[in-house]
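Next, two complexes with subunit A in common: one pairs it with subunit B, the other with subunit C.
Let's look at the complex of A and B:
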């Protein structure tokens, strides 16, 4: 080791400043990481213990924001709504994406590219366009959905965005419409990697399509499914756009999510300390649930 | 690469990069909006607004002032256009950074409560009391932009609410254009709906702001309000119950149609297919609403002053507005104040604003000015606008804001919607909203 060191320093005497050189090389990453990740997280945490409107010196109030959150009915509503959205995304959107991927992966499917494009389209559409279109789709008087219901079944006076429970359903349907195509891409990639021989072997053993799906496709897609499920869980726990676009959290607070609650407190009420406390609580919840789900689904573990 | 080793080059590059990052970080933390005040000559002003109408207006006025003989300033305006909420968010964060704030900013009335919080308005905005002093008694609308008795923004538009109606449909259905009271119009509307399925007004059932805005217009007209001059909540009043009950009954009878808001696609559909043939909205709805959504109905619409409520109140109301504020302690503060004064507090400026953006005068005296009085509107069948606006300006209610207005809107939206859906009594909804507001408003 001594010989190696001598060879590297050449003269045998350590070069001036050589100890700092490696740190200088890696410093840009750490500087940026510190400035844009560590500092904001630290400041956010600090702000959660203060009362601050955005200007002047934050006033230290200890745990008041957290105790206030516990008593805040709006925050509880937001947590429950977010939980519903998350459960829906994991247990409905993810399986739907898998089924769509399976259908798109079928041999001999005509217009495959057209279907792929159609399913993926919602991901690249502007949120403003989505808001405009879905407001009209869901409208009670002039909406496409009620018109279709009236046409097919003779009834259709549902106030999709005005009734609290239907408004939640409407937001969930938008989540389904918007994200199924995106998740399908992951499943399609996974399906392409399943060796054909496994299906042939299953067929020889007498397995039908359904049996093959459950005994070959589902187990072989486990790593992809785990990744998708955890990503969706963490992503939906921070849902903001869909309820914001469609209902702005209404009627009343029926579709309010935690992220919307934070946004509202920070940027319409200037209660940045309170919003930061809600952000910390959301982080803890999402982190804990995300870790638990990761362990449950075996994310990062080998097959 | 002569005379310099690879290692030395990398080391020096790393140091320069680190230095740049550190200086950027330090600049972000420190900085100052200070500098010597510009008292004449060339001045660069940053103007932030959400509406292109203000861009046209200020550009034109700045040019006039610059070109005027003996003009004090040579204005160079740099506009930033963005969503009204985003503008205030950015102003506050730039204010906290101590640099990069605009010189002039348009703050939408519903966003103004944000700057009433935490002393933001007082710290960042210029108190305009001395600027308006010569015309103080002539100004129509100052209350919504007042914090602790001081004015921090000048209203751009009086936002007078009127009743727009389809003249052709009224004639066809034998509806008199001069119905005296809301109660009479509601009876006519109920009969009309039964006969033709048409409605003479709308209620919003969309987001909380839209739901409450329609209510607020009628509440102010009836003589009620959300807050009094001292910022105390006055929502729990007989007027509020009466107005909400009136709206709920109107929805039940079909006199009023339920739509998410007065702007979106469903509203346009209702206007286009003639289901909605009258609506209460402010003056700006003529240009930004009717003319945009149903241009093919040009000449068919008219406007009139609002029918009165039997119980009393005004013949007009108001909804919306944008206050322009000057950022204080900046090099361009004096020049920006002068530009705002010339554009908002002079006859020439008010005329320009009306011509460029359709903004109604905010000085009472101009409602008697011949140039305004003679204005006709082609879309409204050549109607003389100020035959309606002048009496409205003389009997328009005052709207007082509060830093917690957003909390009230969230508390009110849900119960109000339930009332409009026939699930809750108006009095119960108001009580529930007030209780929720008191619980949520905090300190």
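Let's look at the complex of A and C:
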């Protein structure tokens, strides 16, 4: 039916071919887009070739910021960490969300609404509140997590936020906690749209539940999966709040992300030109990866 | 394949087992049902426990928040954290700033997005495809990239009004336009528009009197979405608001937490109070929000 709708509005549409009305209706967006997106991107590009601490005139230094970035160990760490978060989000969070959606889609499930709302709850809360709660959960001495580990396994006392590799794990778990419920609702909506006859046909062909998951569910969910994967990819590539609020990028730079790196250079070190250059690099990376993933999954086709 | 509005009619209401459950249940081994519920309950614990713990802790005396083993219930129970917060901190000021900003953002955003979504769904015009692609690809521009130069631009342009900086740059989210376009395509029949035109309605009048009423569920979804985004936003306010008198709620909480002695007791109380409006909003409009968010993704 999607295709039908598409075609109807495409050609048989209202005979309003001309006139300025539609332009007037979309103009607020483009005005704001120009002022608050295009202009900043241009300014950012310019600043990336300068050295500037915020006062006076930016000093043109050509490509120096970019060559400096290549040699900057912190930037490299930030890129590697961001890559790690992104891989985790795409290969762990997305499948988890699909699994949860599959569970919630079980026929005759009781309390579906309750579960769905509970899992979605983190999306509704401010990141600062979430970070605060999780700082307490991860607390080495009094935290809920270590207490639970001690209670169930007699083993705990992990310094979740103070030990470099555990700190990474903590940030990733927070990503999982915060976004799984959000992604689940997309998969759930996708699952609801799969005609039941397909499963019945698969069953008649003798397919078990696992096989019909791979022969019916996965291919039918392709468009939704594409949307979710690209959203997650682009979203996690700019991850900022989780590491910034939970660990301040630490210990050391163990959890530093690219977005945090940019923030730090700009607002705590006053290196606006350098931060802008890092921003340009990030922009190129995210845009390229987003585009590549988009065409890989076929997002945007038929639009 | 449309999710709504036709979908809502055919889809069994959640919780009400209109599906002939008997026939399917017989086929499934009951053990897997048990596993299913076990899995979901375990997840519920994982999602709800940290939040519940924070809520109960906010009613504990300061010394009881950090104890081992952690106490599940606030015994002794106290409201002291709340009273102290409200007496010593300008909590209501933060709350007011956040709410005013969120309400203004939401109103403007719903208007701008639905108008543009309507234009993209129901008009043919030159460059429509290109304009749509430009709009849509702005979704892939990372926030962190814009932040530094946008801040510079605002400062250089002499914008000192915090409300302007907090609201205006973000009132036309591409996601909202995309969502509204998807919805208009499904919910607004061309015949109604033609009839309105024959009656002599102006195009804008048509939008206000014919389209908007038909869009009500989607407007609700977009409204909650933008309210929550604005009310909860932390990073951008952190950059543009420097005067403590103009702090939003997340900034106030952050300042309190960052202050000496990490006043966790008051911070917890503040977090609980701050979360109440978002939760109420979400619970009231949950169905519209969840369906509205997924509409675009599922359809395309």
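Structural remarks
Convention: the second predicted complex is superposed on the first by the 267 of 303 C-alpha atoms of A that agree within 3 Å, B and C clash if a C-alpha of one lies under 4 Å from a C-alpha of the other, contacts with A are read in each partner's own complex, and residues count from 1 in each chain.
What we mean here is this: contacts are C-beta pairs under 8 Å (C-beta built on N, C-alpha and C of every residue); 3 or more make two chains touch, one makes a residue touch a chain.
Quick caveat, the model's predicted, so the values are computed rather than measured.
When the two structures are aligned on the shared chain, A:253 is found in touch with subunit B, with no touch to subunit C.
In the superposition on chain A, contact of A:72 is made with subunit B only, not with subunit C.
When subunit A is checked against subunit B and against subunit C, the one touching more of its residues turns out to be C. Look at A:25: by the touch rule set out above, it reaches both subunit B and subunit C. Look at A:132: by the touch rule set out above, it reaches both subunit B and subunit C.
With both structures placed on the common chain, the touch criterion links A:241 to subunit C but leaves subunit B unconnected.
When both complexes are overlaid on chain A, the residue A:270 reaches subunit B alone and has no touch with subunit C. In the superposition on chain A, A:159 makes contact with subunit B only, while subunit C stays out of contact range. Of the two partner chains, subunit B and subunit C are each touched by A:141.
Across the superposed pair, subunit B and subunit C both touch subunit A at residues 17, 21, 25, 28, 32, 35, 54, 132, 136, 139, 141-143, 267. Within the complex formed with subunit A, the subunit C residues making contact are 1-3, 7, 11, 14-15, 17, 19, 21, 24-25, 36, 39-40, 43-44, 46-51, 53-54, 57, 65-70, 112-113, 115-116, 118-125, 128, 131-132, 134-136, 138-153, 168-172, 174, 177, 185-186, 190, 193-194, 203-204, 207, 228, 231-235, 239, 249-250, 253-254, 257, 264, 267-268, 271, 274-275, 278-279, 282-283, 286, 290-291, 293-295, 297-300.
Remark: subunit B residues 7, 10-11, 14-15, 17-18, 21-22, 25, 85, 89, 92-93, 95-96, 114, 117-120, 123-124, 205-209, 211, 257-260, 264-266, 269-270, 275, 404, 406-407, 410, 413-415, 417-418, 421, 436, 439-440, 442 touch subunit A in the complex.
Residues 1-2, 5, 8-9, 12-14, 16-19, 21-23, 25-26, 28-30, 32-33, 35-37, 39-44, 47, 54, 100, 103-104, 106-113, 115-129, 132-134, 136-137, 139, 141-144, 147, 150-151, 177, 181, 185-186, 188-190, 192-193, 223-224, 227-228, 234, 237-238, 240-241, 245, 258-259, 262-263, 266-267, 272, 275-276, 279-280, 282-283, 286-287, 290-291, 299-300, 302-303 of subunit A are the ones that touch subunit C when the two sit in their complex. Touching subunit B in their complex are the following residues of subunit A: 17, 21, 24-25, 27-28, 31-32, 35, 52-56, 68, 72-74, 132, 135-136, 139-143, 159, 161-163, 247-254, 264, 267-271.
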